[in-house]
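So, here's a batch of structures to check.
Below, chain A partners chain B and then partners chain C, in two separate complexes.
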Partner chain A sequence: MVTVSVRLPTVLRPAAGGQSKLSVAGAAVGDVVDRLIEDYPALESNLVDDEGSVRKFVNIYLNDEDIRFLESLETPLSEGDELAILPAVAGGQ
Partner chain B sequence: MDRLHWLQMLAAAWDAYPLEGCGLLIGAPGGGRVERFVTIDNEAGSSRIYRLDGNQYARAALDADDEGLDVIGVMHSHTHTAAYPSPTDVAEATKPLVPPDWHWVIVSLAWGFPELHSFRIDAGGGIHEEPVGLSI
Partner chain C sequence: MAVFSSVVDLVGDTPIVDVSQLSPNPRVRILAKLEGQNPAGSVKDRIALGMIEAAEAAGELRPGSVLLEPSSGNTGIALAMIARIRGYHLKIVLPENVTVERRQLLEAYGAEIIDSPGAEGSNGAVRLAEKLAAENPEWVFLYQYGNEANPEAHRTGTGPEILKDVPEITHFVAGLGTSGTLMGVGSYLKEHKPDVEIYAVEPPSGERVEGLRNLDDGYVPPVFDRWGGMELLDGKRIVRPVESLTWTRRLVSEAGIFAGISSGAAMAGAAKVAERIDEGVIVFVVCDGGWKYLSTGAYTEPIDEIAERLDDVIYF
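Our next item is the complex of A and B:
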């Protein structure tokens, strides 16, 4: 179990007591997401779907790398890692 | 926005052509003044849609946050249609996690010369064009 920092986008901060950066313990990315939801239940519907998968419009980055290109929620964490949660942005004509 | 940012957005549209170009507007949180424009690669590599390159987007957003700034909007280009939000643009702008106060800048290259317009898109999908002021 290690401690990592988690950075939240502006829109999620009210659901986390106004904090922009949190320290959360966990061995893998999924543990951190579970812990966040446990501590701040209002985050749940924004982050995961009914099956517990990360929602399509949510991107989670581990040290700037999208976790979908790593091992998704199974991605192991090291002490001091930084996770960031951001909305996916797209569109077109 | 400064004239420089306006030119950078037109350049981003032209550089990406024939694909859609895109980038991020950075400014004071909740503000309407662009402090910086960051060109982001179009991960979709398409002339019809864009998807901000995730890693570049994350870096730009986190750098802004470190400076006390925030992403205040998104620019993208339309290569074949007017500078007006498409149904896809509206659907994307009203997704959860996308702040409702973002500015949506669209640069159209449909008629050979660039046209830049900025919009707000409310939670109900209503499109509201806003004036773009340029300073030197």
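Our next item is the complex of A and C:
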């Protein structure tokens, strides 16, 4: 188990008691997501779908890399890693 | 030098410049494809022309037709240039907080601007355009996020140009907006040189967009889904404003390339890839020049201060 920081976007802060940055322990990204949902149940429907996968409109980044291109929820964590959760938005001009 | 009959004939065939002096790894070359050389100043000239010609071929456009598009900048500007020449009336839905240069460019080319709420970002502009399109079925809604002619312009134009000029390419890096560039170039390169790796960079736009009520307001471009974005890309990373600005400045001060801020983000992505690989040749896309971003202070003011402000100004 290591401790990582998690950044939440504006849209999710109300579900986490208004916090924008949290410290959470876990061995893999999925543990951190489980832990967040345990502590803040209102986050559950925002983060995962019925099958427990990351929802389509949510991107989770480990040290700014999209975890879908790493090992998704199984991606292992190191001490001091930074996770960021961001909603998918229309980019582009 | 030939004489061209219209600026539209100047779209595409952009030059590639070696900027390996910026590479953090002496065994990795980094090459910049300069899309700002297009006549309306950005990579979007390609897709604007592609989408208009596809609609013309489908018989949807006649002289005097009304075109509608949500766009915070480059696509709108490119469409405006072509619409003016071809005789269409263009309406652009634009978040109210885009830089003043873009607004003026659109006006100069003769487009009509419809404001969408700044707090809702690009999502808000897309939503408002969808509503207007539904209310006005006679308007032609090109919708770059879902228009096949967008990735197609890159699959048939940008992609082949890159492979022809840089047959030794090992990695391609570009910004992810509508995903047209990455899907089109990516699928062309994977088809003709399967071991080329494709990397996307994106700004952390979702962090502060306040108009989002919940994550279901989120958005994945239909082009990304239909072109198999998840399988096509080898990686995707966020580049934060400070990093984008730092590399945007290095591009101009060390390589003489005066580029827009998303190009700094792409260069940052290329540098990250270069650090991780042993050797290789990376091509990244310089989407546009810096002109439209001058009013943000991006090139001259303290980076931390501009980075703060950039969160509120759409730059990508």
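Here, the second predicted complex is superposed on the first by the 90 of 93 C-alpha atoms of A that agree within 3 Å, B and C clash if a C-alpha of one lies under 4 Å from a C-alpha of the other, contacts with A are read in each partner's own complex, and residues count from 1 in each chain.
FYI, contacts are C-beta pairs under 8 Å (C-beta built on N, C-alpha and C of every residue); 3 or more make two chains touch, one makes a residue touch a chain.
From a predicted model like this one, the values you see are computed outputs, not experimental measurements.
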item	value
Touched partner set for A:76, first chain B, second chain C, both or neither	neither
First, second, both or neither for A:10, with chain B first and chain C second	both
Partner chain in contact with A:66 - chain B first, chain C second, else both or neither	both
Shared contact residues on chain A - chain B and chain C	7, 9-12, 46, 55, 57-59, 61, 64-66, 84, 86-93
Sites on chain B touched by chain A in the complex	20, 29, 44, 46, 48-52, 54-55, 57-59, 61-62, 65, 70, 74, 76, 78-81, 85-86, 88-89, 92-93, 95-99
Of all residues in chain A, those that touch chain B in their complex	7, 9-12, 20, 45-46, 55, 57-59, 61, 64-66, 84, 86-93
Chain A partner contacts - residues on chain C that touch it in the complex	44, 71-76, 121-123, 125-126, 144-145, 175-180, 202-210, 212-221, 230, 233-240, 314, 316
Of all residues in chain A, those that touch chain C in their complex	7, 9-12, 46, 55-59, 61, 64-66, 68-69, 84, 86-93
